[in-house]
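Note that chain A is present in both complexes that follow, paired respectively with chain B and with chain C.
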Partner chain A sequence: MEINRKLSDLRRLDELSAGTSYIHGIHTLFILLVTFIYIVTLMSFDKYDLTGILMMFLYPVFMFRLAELSFSESLRKIRYVLPFILFMGILNIFFDRDPYLVINGFRLSRGAVSFFTMTVKGFLAVEASYVLIATNSIYDICAALSMLRLPRILISLFLLTFRYITVMIEEVANMTEAYSLRAPGQKGLHISSWGSFLGQLLLRSYDKANELYLGMEARGYTGDLRNYDIGKPVLKDYVFLIVVSALIILCRLINVPVTIGNLIRR
Partner chain B sequence: MIRFENVGFSYDGKRQILKDISFEIDDNASVGLIGANGAGKSTLIRSVLGFLDFSGKITVDGTEVTKKTLPEIRKKIGYVMQNSDNQMFMPRVVDDMAFGPKNYGMDKEETERRIDAILERLSISHLKEAYNHKLSGGEKKMASIATILTMEPSILIMDEPTSMLDPYNRRKIQDVIVSLPQTKLIASHDLDFICDTCEKSILLYDGEIRGYDLTERIMRDRDLLEGCHLELPYRYQ
Partner chain C sequence: MHMADALLAPAVAITMYAASGVTAGISAHKLNKDEETSKLPTMAVTAALVFAGQMINYTIPGTGSSGHMCGGMLLSALLGPQAGFLSMVVILAIQCLFFADGGLMALGANIWNMAFYGCFVGYYLIWRPIMKSNLFQKMGEAAATRAKIILASILGCVVTLQLGAFSVVLETTISGITELPFGTFVALMLPIHLAIGLVEGLITSAVLLFVNEARPELLRDNEVSERDGKKKMSLKGVIAVLAVVTLVVGGGLSLIASSNPDGLEWALFGNEDGGYAANMGLDEEEFGLSSPLSESAQKVQDSVAFLPDYAFKDNESAIGTTVSGIVGSLIVAAVVVIICILGGFFRKKKTAVA
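Here is the complex of A and B:
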């Protein structure tokens, strides 16, 4: 069933975050910082700088390799976000029609270039975020955000939203199962049941989420993860941060495809 | 020691769920909390943990339960929930066991040491790296007890620890509970289980204490139990 598949998708992320690769061994705060630097650098590229952005593919490629993650699996997981990424720049094709490049009569508009650039940027940013959440548990990420002194309320919101999505999907799965058992041969949910189904879902999810929160509170959670121990950074974490950030910035400063092209031309 | 002094609670201000409850549980005692559905067992448990705004006074090891003292109180009390799914919210057993100690700022080595010791004690070392959603009901219950024990609480409060367990796992949980040295308050409908694990019992009915005595004495009193909509345990029938 589709709902159970979504649930196992979410659980798979939890499973991935418990891996033992080199990247899993890096302190969460440092992966978080590198991801932030990467996304900011990525966004700093001009919307027509499609060649410049190509080098930014190196980061996810290496991270996927080092974290022993599957690229095709990541594509399956982010498939729901992809339409939004495509939608972001699609209007540029229609509004920005000035020519960017004309080769043998083939005219490439500036709008098309900016559309591709924005799509690639969005895709890479999502992939970088995927690496972050596939190599760190949500609690570790929130604890790292606490270390960066982000507002407590924002972190709690982020943490609990993530947790409650699972709760809600579980409840939908249970209720749909119970419904289908008493509605044999019926496809989906009859329109007359939508109201009560949604109402019940809300109440049941609320109760369950409340229980879950009590369970967290009973074990010392106070909405603040500042004391939550995610280990102390060691030398390899600092090396990781410095080397990877330097490489990202280097990729930003040097347009390698253009440089190589110029060298060949000479 | 847990002490209740004239504790009352109502959700809506009209119907009293707990009515003037007073009792004491000594250190290292094991006390059963029995009563029919709606008697107020879960409400009483939640009051000790400070989840409810009750009237009266509750003290745990001399510390009064107030909003200010909650972190201290919750550090002392380990609460095993009825539904283990609500308690186990981390990906793996080991992560869940580390959640409490990490929240209290315990360092990695000490946390790791505690986790290994508890898992060995409960004979579930093989579950350390297991994913929570792949555990059976019995394993989940054992793991949920383990998550609480890593915090090394001096008091254990358990809500229906044998619900949804088969006889084999029920026996296993029972052996584990009996072997734990902590002060225990165990709420259960399984009266035979209470007979096997608790020397004393509190009988609740409609938010009031109808009996607080040696478990055997309460469990043999047919009139008292039936008056509170309960039946004699199988062993005394």
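Here is the complex of A and C:
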């Protein structure tokens, strides 16, 4: 069931983030920055820059290796974004039929090229975010965001919501299962239960939240959850940031495959 | 409606991040100022609930299909627009990080398309005016409240989803990564999201009606016992109705116009026709070439074809996109500030919140 799969996804990512690889040891803030630099660079590639974008494959390849992550496991992540990208991309093939390249009568249209670069971009962006989330716990990310001076209330909300989500998903999964057992052969919620199903859960959760708030207040809560501290970055973090982002930007500025090709042709 | 990174240009993504970031900053500031941080556990629980609620299948009567909910309207009706917005930001961030549903760089755009419209536009222009209006007075108080909840939920979901879908089209078209013509894309997205909005509106109203029966004090702007300030409301009611009518008519017009996509494209991008022709002309010249030179020539072509004439035709598109990004950010930030001022204008009186 979809709900249970989401739950196991969450649990698995939590397990992965507890790893001890080289990448796990890098300061979260710096992985966050590198991920953003990588994705922005990736997005900035021209939609017909088929050769240039190939170099961008190197980042996930190295990161997966260094972080000891399984590539095949990450492929499941793409199932949400891929259909839309494929749909939009395939339309490019029909709308952009000018030739990009003609070799011996074989004609590659510009639409096909942009379809390919778009799919690659979508795929690589998901892989890069996967590296980020599989090597850093939610707590690390919240701490890094707080170092970036994001509003505290947003970060506290992020952390607390994440804690509740597993509880709530389990609850909804139980309720859905109980409902489906009472309504065999029915695909979803009948309209007569649309309001009460989520409404009941909402009311119960509100009471829980109030009790929780009283409990927090009794323990001295004043509007801030806690001090987020994951330590100061050290030399190797700076080296990582500078080297990796320099390489990423270099790959953007110099079309490495074409440069190599020209060298060989000469 | 979650956009992927692949569909956006960096300038568009960063502009949308700036817009959503400013809105989140203002919302957080507002919550801190009103000392509503005590609502944190309630916000977190509601956000988690909406997140889980999105996984429930709702059977649509009379059809074989099922619908889902998105939650912007539900959150702002329960928590108010600022808290609702921050909760949606968190939901979208978790969806993006843990389930790869929507891109990391596209998060700003996704927050804008789903959270901003659902929470701020939905609350200030639809939920609040309708709930405070004198509509359905003849039906008796309880029935009138129910009718208003249904009307506000459905209208809110439909209008905010239309706005969101339209923004997706705009952001994608400005990014220039897909070849789908603007008109065709609008004609595809808006009717689909009209249906989704209707279903979502029905689900939202069902949940809110249930809450209204059991614990009416949980709903925002639900004046349970007293009905004061009728005269003041009437002006706001008129403004709200006008705004909603404008939005719906605007959306409707774009639908009608989209049956003639070329006409709309011509109207919106008056010069694209010329640019397009030039593009084709250039193409024939370099037809069959495959050298690094031809690649940079293509870049020039692209910037000619996809940036309208008021933008920058530098072949180093980075300069153009940076300037566009800054200008875009300023415009969007100004819009946000105006909406927040408008919100303040509407929010004279403090409402009782449980």
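Just so we're on the same page, the second predicted complex is superposed on the first by the 196 of 266 C-alpha atoms of A that agree within 3 Å, B and C clash if a C-alpha of one lies under 4 Å from a C-alpha of the other, contacts with A are read in each partner's own complex, and residues count from 1 in each chain.
Criterion: a residue touches a chain if its C-beta (ideal position, glycine included) is under 8 Å from a C-beta of that chain, and two chains touch if they have at least 3 such contacts.
Predicted, not measured: the structure shown is a model, and the values here were computed from it.
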Touched partner set for A:178, first chain B, second chain C, both or neither: neither
First (chain B), second (chain C), both or neither touched by A:75: neither
Touched partner set for A:212, first chain B, second chain C, both or neither: both
Partner, of chain C and chain B, that touches more residues belonging to chain A: C
Which superposed partner A:18 touches (first chain B, second chain C, both, neither): first
First (chain B), second (chain C), both or neither touched by A:203: second
Touching partner for A:49 - first (chain B), second (chain C), both, neither: second
Partner chain(s) touched by A:249 [first = chain B, second = chain C, both, neither]: neither
Partner chain(s) touched by A:187 [first = chain B, second = chain C, both, neither]: second
Residues of chain A at both interfaces, chain B in one complex, chain C in the other: 163, 208, 212, 216
Chain A residues within the chain B interface of the complex: 11, 14-15, 17-18, 137, 139, 163, 208, 211-212, 214-222, 225, 227-231
Touching residues on chain C, where the partner in the complex is chain A: 2, 4-10, 13-14, 24-25, 28-29, 31-32, 35, 37-38, 40-49, 51-53, 55-61, 64, 66, 78, 86-87, 89-91, 93-94, 96-105, 172, 176-181, 202-203, 206-211, 214-215, 218, 280, 283, 287-288, 290, 292, 295, 298-299, 302, 318
Sites on chain A touched by chain C in the complex: 2-3, 6, 9-10, 13, 35-36, 39-40, 42-44, 46-49, 77-78, 80-81, 84-85, 88-89, 91-92, 94-96, 98-99, 101-102, 111, 114, 118-119, 121-122, 125-126, 128-130, 132-133, 141, 151-154, 156-158, 160-165, 167-169, 171-172, 176, 186-191, 194-203, 205-206, 208-210, 212-213, 216, 223-224, 255, 258, 262
Residue ranges of chain B in contact with chain A within the complex: 46, 49, 51, 71, 74-75, 77, 79, 81, 83, 86-87, 89-92, 95, 99-108, 111, 129, 131, 133, 147-148, 151
